[in-house]
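The structure appears below as structure tokens.
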Amino acid sequence: MIDGILGFAVLLVKIAVVLGILLLLAAYLVWMERKLLGRFQVRLGPNRAGIFGLLQPIADALKMVTKEDIVPDQADRLLFLLAPAVVTATALLMFAVVPFGPDLTLMGKIVPMVVSDINVGLLFVFAMSSLGVYGVALGGWASNSKYSLLGGIRGAAQMISYELALGLSLVPVVMLSGSFSLVEIVRAQARIPFVLIQPVSFIIFIIAAMAESKRIPFDLPEAENELGAGYSTEYSGMRFGMFFIGEYVHIQVLGALVAVFFLSGWRGPVLPGPVWLLIKMLAVAMVMIWIRATLPRFRYDQLMEIGWKVLIPVSLINIVATGALMMLF
Amino acid sequence: MSSQETKKYPSVLLQNRHPDRIATLDEYRRSGGYEGLTALLGAGNPKQAQQVLLDANLLGRGGAAFPAGKKMMTIAENAPFPRYVVCNADEMEPGTFKDRVLIFADPHQLIEGIVIAGYAARASHGIIFIRPEYEQAARIMEREIEVARSEGLVGRNILQSGYDMEIVVHRSGGRYICGEATAQINALMGVRPNPKQPPPYPTTKGLWQRPTVVQNVETLCCMPHILRNGAQWFGSLALTENGAGTKVFCVSGRVERPGCYELPMGVPLKEIVEVHAGGIKNGGRFKACLPGGASTAFVPARLYDIPMDYESLKQEGFRLGTAAVMVFDHSDCLVDATVNLLDFFARESCGWCTPCRDGLPYIRDLMKRVEAGRGSTETIEKIETMCRHMWSAYCAFAPGAVSPVQGLMAEFKDEVMAHVEQGGCPFK
Amino acid sequence: MPKLIIDDISVAVPEGTKVIEAAEQVGIHIPRFCYHPALGSVGACRVCAVKFLQGPFKGVQMSCMIEAADGMVVSTTDPEAVDFRRHVIEWLMINHPHDCPVCDEGGHCLLQDMTVSGGHGMRRYQGKKRTYLDQDLGPLVQHEMNRCIQCYRCSRFYQEYAGYRDLGVMGIASRVYYGRFGPGTLKSPFSGNLIDICPTGVYTDRPSRYKGRRWDYERTPSVCIHCCLGCRITVNVRYREVVRIEARYSPTVNGHFICDRGRYGFFYASSDRRPRKARSGGAETRPKNARDEAAHRLEEITARHGSGSVAVVGGSRSTLETLAAERRICRQLGWQGPSLFTGTEESAAARRAAGHLTTDLAVSLEALKNADLILVAGADPINEAPMAALAIRQAARNGAHIEVIDPRPVTLPLEYVHRPAGTDKISEILRGLGKPSTEDASGDIQDLAARLDQSRRPVVVCGAGKIASERTVEQAARLARNLRRAGKKAGLFFVMTGANTFAACRMAGDPADLETLLLMIEDGKVRALVVVEADPMSEYPDLARLVDALAKLDLMVVLDCIDTETARAAHVFFPTQTFFETGGTLINNEARIQQARPAFAGGTPISQTGGGSHPPRVFRDDIPGTEALSAGQLLMDIVSALSGGISRSVEEFDGVAPEFSGFDPVEATGERGTWAKLPLRTAAGPDSPQMGGETPIKKGELLLVESVYGTEALSRSSPWLQELESEPALTLHPEDASRWGLQHGDRCELSTEAGALTVPVHTSRSTAPGTLVLPRHRRLRWQVFQHFRSGLDTVRIRKTGGEGA
Amino acid sequence: MADEIKPESYEKRLEQEPQENAWDAVRALGQGFWTTFRHLFRRPITEQYPEERRQLPERSRARIVLTRDPDGDERCVACYLCSAVCPVSCISMQSAERSDGRRYAEWFRINFGRCIYCGLCEEACPTSAIQLTPEFDHCRRDILSLVFEKEDLLVDHTGKDKDYNFYRYAGVATRPEEKGTHIKESPPVDVKSNLP
Amino acid sequence: MIPEPTLSHLKDRIAAADHPRELVVDVMFALQEHYGYLSDEAVETTGALLGMSPLQVEELATFYTFLYREPVGRYVIHLCDSVICWLDGAESLRDHLCRKLKIEMGRTTPDGLFTLLPVCCIGYCDRSPAMLVNRKVYGPLTPEKVDELLEKLKQESE
């Protein structure tokens, strides 16, 4: 009973810490992206709010919160209000299965440095990421705006297309680690990170993951020069902010997942596990920002072509090859 | 053609011309004057007079060359009375002075002509519209009309025929446009003398909305002779097939003896200049002439032998106009002369229609630029285009005004281009 | 119907149609400057050149000079014609100044349009520009000769069309000048049309000079309310201010033109003296308070003295909507009236005229131009309905014989025969003419009778009201009917007193006139008066009596849009909207119903609300000065506040008068208007007045008459027209004058028991002997004569100044 | 040739494009990333606006002024062309006649709250009166104070067009310039002249 | 004022005419004779005599060459400047006259004797260059002849 309560308390603490860090990080990820993009474009980036513009996220948040929350006249009110929450919640929930360090022994109890180590963690991740598309699709639908609807449909189509490649790219990882548990997968990379064994999977995963997060060059659901702001056109104030948070949390989750699946998770020399995970997450995020600064947006047909005609066949071949190699060795 | 080959041509209109005085009624009568009228009134058939004039192929001598007989015949039989005959003595075409010479030579010839025309048109009023420069001529006419009246040749019951006709002299205020028939009618009515485009023609609705025949002095002067001697005789006077009668040529400019010469229709230009007018002054070379006043095109030296009648000139694209032959010799700058002509026309435009009122000063200014050597090929093109468009003006004034320009451009382009290329007048 | 092809479009047009018009019928607008449908073609500007490809004419010709003929093939886009037109524009532009930015014509300038559409954008001419000095042409027309393109339209309109001779064309060649002999005010009351007709900015509107650009104006088609003809106008409003009136083409009423009274009479609408606030007991109050006060007091009076103790007085400048509201209220509440006329005689004459007008006899202004004989009886077109004079002139130009029978020294810009006849004599003459055969006509009118006999399309133009009595109207109608019976296309054209007199005739109640109502007030039977858009105190000829009567009233409610003496005397006053603000329906003298839309929403002009050099920069949610409502609406509001009051929409006419049962407002807003339902044919006419025997001709009479400027209720407050007013004078026959020892130019005093006034004396041989003519001019305190037609025995005349004095 | 590209030929061109090999693609991609990466270390070109102010080119379009002619008089003749051409209707005015005969603006206002600085008014102005200046930073806290009246707009120089003086060309009579005294004008016609 | 005989003569002529307007030029000439030029008063008188408005008279007066709306000198010299006279040196003659009289074309000498006006061809091309002095023709002219003539006219006027 006590254990149960204590376990629940620990769980709550873990959730609080993770949530806190994630949200704070999301805010500063925005700052980092703006700052970096600025530098990539030979600009300064935000530098007015606080030193180096460090208070910019707070200013942004204040602005978001104080802005009027507008619900379009003809919108489906319930779905409209729900959609941003879905996006943020699913992104946050994904982090529940990500291990961020070695087990910690606290007052004699082993506390796993993961919010919840479930044995089908990987599937949970997929489930959550699939659910995330509802936020986009519903938001687009509920806005009752042609731009939003187009954005939502694009989002859904894109999600379905890349989900497949994403899943397939991780099959070799599961094969190698023999488990769906993310904790186990990290453990399986104790010796060597999977990125070295499975570079193809790694690349496919990165590409598909970026498509999942709807970031440049895959930001067709938003495509501001075609669709206004896609599914988020009609949103304002904090509701728009929640889409925003969702996106940046998603980036972190992807960073964490890349780290877990391919970069041996929290493992690393000298520094404690969570720090390593953080470093790896941020490194992935920076790469994504770099890509954003470099590549233009795909055309929609190109997007579909890459998804269906390139990534899926390649990942299938990769699975077969991995299987064959595993049989041989 | 040399001078010994020239024949002595019969003098008809100017047969009673004296260098120092005016022919009297008696003199005129002696030469067969008023015989035609007497015969006509005796016959009492106005239609017959019209027919004779038509058969004689008498073309209007004022410039337009419209058959005089035909003009009379356009008056409808049932047209209202009173009808008018207007004698156009408003010759203001530069270079033309034949009407003055005719009036000074033999005023009764004109009076008889007017009465004949009046009878043919069954008009009761004759009006001599005379330009103010010819004040002396106007006085002569007034005096001689009184003489004729006292002889029963004018006024009530002319020659006891029961035909009444009054002739009055109307002095113009003086403007070139008043020489145009419709403008002249307006001037007579005391309104602004702008031309009026037919229809209705003056012969239908002219002066005071009544049928009106407007004829040139020389045309009217021909009529007594035609009626007396017949249409055939008149036709035989001409040297060429198409011409009829004699023509009073006013020769002026670079000739030894400028003046009026009555010569048969169709006499060659060269003969007029070289023989009758005594050749080019100071031994110069003939370069060009305006064959019929300022509103005709320059006739170049290559057509020096052209027979001077309406038809022959028309075939070459020229007009005989008033037969005022203005001669230019090799030392004259035709561009400069054209500028002078344009100056005249721009000043005398009545101001009614746009091409004439504003287009002529424009062309004049362009021409002045060319003369001053500031023109270009573009300027010349502009002049040529505008001249072409002048033919769509309201009356014949504007086309007449650009005729010399168009003639210049057609025949003397080299001279024009010389101005452009040398940047100035090559004759100065 | 010749058929021709213009730019590949085939069109059939009536015989005699010019090619330029034919092209217009198929939607091709050929450029033109000198051509104008009303003035005809003269071929001066040469810009309407088109190329004739086939048919009797060939080559580049002027489309305005050539009548359409069978087999013509015309190209307006032929390069030769286009190039010629381009050159014409260039020639016209060589002297045109570079002053479009400061030219008021800019924005609706034909020359501007043609220059741009003709492709002339660069000045190639290098010479100097010709300049002219301008003339002062008076307060209405601004002269700027530099801009002239010598199209001759102005002189043709002014001299040929309108028949005035003080503006024309001088000079020759490229120095042609349009103007007057010397500077001075244009004499024609149609001079404003020069502004419309000038294709460029030589003549511009002086009162609206530098007010704005046409593209900024709110432009609304409307109807003129300054006389009975109902000419079509376009109202230009800017910043809540009526700034300009322009003539609007109407194929049946005014054609292309309007008179200066109609053009410049509108200043009452934006005057800073216009009352904007309701008043109660002389003090400004809120509209609701005033309404409650009026209703309350009306209720009290009806309670005490019965419903018959309230009377409504209206006038003929109200719209049909307002008149209908008055009538409905009087009927349903049992009030007296509405009394829509001032005098009994006037009322009788007007109502008889309205009763006699039948569809087969009524002629429009446009149709008047086709008459071959016009008999003007008891009417002074120039002063009463100016455009009628212009129409009569067109008939005269077409060869019609014009005869005027009137006691006044009528002047018309045309050749006509004037028979000065006393007011009673007019009807006698008409009666003589109306007899079945010419032989019956007595002596001096035999030639006229013979002319009438020979005419095919005679029109009788007859006054109805002030000068022409009921008898005259009756005889005029009878004459017209007789002529009709004799197989002629005869017409009848009444010149009525006000813009909506015809409607007033149908809407007037009992008593129909103020004169009768006055007796009831004096008796004490009527205790309260509701005066709607009328000003008895300046209309009624016996002011002293009127003031006494009004003093007996318990209540006088006045509704008006202008500041009148009556309004100032009111117990309760309501400002109303002007015709520009309400729009509404008017019925003109030929029973044509015309409806105008509101031109703007009303309110104090911005130019009056701002204190400084610019309009106020404070935001407010109401528009200042919009307290006013339409008179009809206000009336309904007041009445609905009464217990047992009625409330119905103002726009309904059903049940008010049968003429308007099938009234179609859409048709009425069109250019032709719609017809009131007139009787098709009247065999006997309405009850004839007692015509027993010859009336004794009065020894002498004093006529109070209209003049073109200064007498009409609304236009007389126009400051611009006030400048044009000639000093009102007493006109009489020189022989009569000598009887009183008067001479032309003297001053004399006219006095009655009610007062006296001093005026200059004019003598004219065309005044009927024994008649004194005096305009009911705003500058004269003429309301001292007890009757519109005072017998001379009641008036004393005394010379007070002159040559010797 | 650029003008030959039509929809179908564009498709064709796509097909005809030389197929690059994978290495080229990777290299191109790498090049791109390298370029952006290098930019990361370059000095930002950003100017820190309120602290650092740059002189904008003369023709840049910002705050609108009303200039004067070389003689120092108002150029604006209140012809309404700028207000007509203004796509956001931010210019209004009232023209009137001055005692010397010139047409001028009795009042003239520009609502800078609406102005989009498109410069059409300057283009439309026939007298070079209205001109856009490089002065761009005139934001206000109170929107009403963005409504500029003539007094606020009028400057005491000629602006970009140094020499033009409309009234020297216009040909309208103003005091002291009478008819015929303007540039390229002949003296007024005297119809009574005895000269033909 | 116009002398009574002239006026009554004009009135008679006008009364006799079918259409008074046709006499307008004659009346103007007659009044011009009297006033020396066609003054505003003359225009108004003409209008009054013929039932025309002053403007209608002005329309014609400003059209014609020989109706002087501005005061002229005692001798009005019309110098022909059309093509034949021009060919024969009308321009130098004009310059000579201007110099001699010390006036420009169109002006009158201060002593009120001479007015110098150009005119289009006067129909004396056989005697070019020619000019009219009070409608009397002189030609062919040379500067010497002109001087002589001017002297003669000057003496005449004294």
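Which chain is which? They are A, B, C, D and E, in the order written, and residues in each are numbered from 1.
We adopt the following convention: a contact is a pair of C-beta atoms (placed from the backbone, for glycine too) under 8 Å apart; a residue touches a chain by one contact, two chains touch by 3 or more.
A quick note: this is a predicted structure, and the numbers were derived from the prediction, not measured.
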item	value
Pair joined by the larger number of C-beta contacts - C-E, B-E	B-E
Chain closest to the assembly centre - both centres taken as Cα means	C
Separation of chain A from chain E, taking each centre as the mean of its C-alpha atoms, in whole Å	107
Distance between chain centroids, defined by C-alpha means - chain A, chain C (Å)	83
Cα-centroid distance, chain D relative to chain E, in whole angstrom	59
Chain centre separation (chain B, chain D; CA means) in Å	63
Residues of chain C whose C-beta touches two or more other chains	169-172, 175, 177
Contacts with 2+ other chains: residues of chain D	191, 196
Sequence positions of chain B contacting 2 or more other chains	175, 192, 347-348, 350
Footprint of chain C on chain B - complex, ascending	175, 192, 197, 346-355, 357-359, 361-362, 365, 369, 382, 385-386, 389, 392-394
Residue numbers on chain D that touch chain C, as the complex places them	77-81, 83-84, 94-97, 102-103, 106-109, 126-127, 144, 147, 149-150, 166, 169-173, 179-180, 184-189, 191
Chain D residues touching chain A - in the complex, by the definition given at the top	32-33, 35-37, 39-40, 42-46, 48
Residues of chain E touching chain C in the complex	40, 43, 52-56, 58-59, 62-63
Footprint of chain D on chain C - complex, ascending	97-102, 106-107, 128-134, 144, 146, 170-171, 175, 177, 209-213, 215-216, 239, 607, 613-615, 617
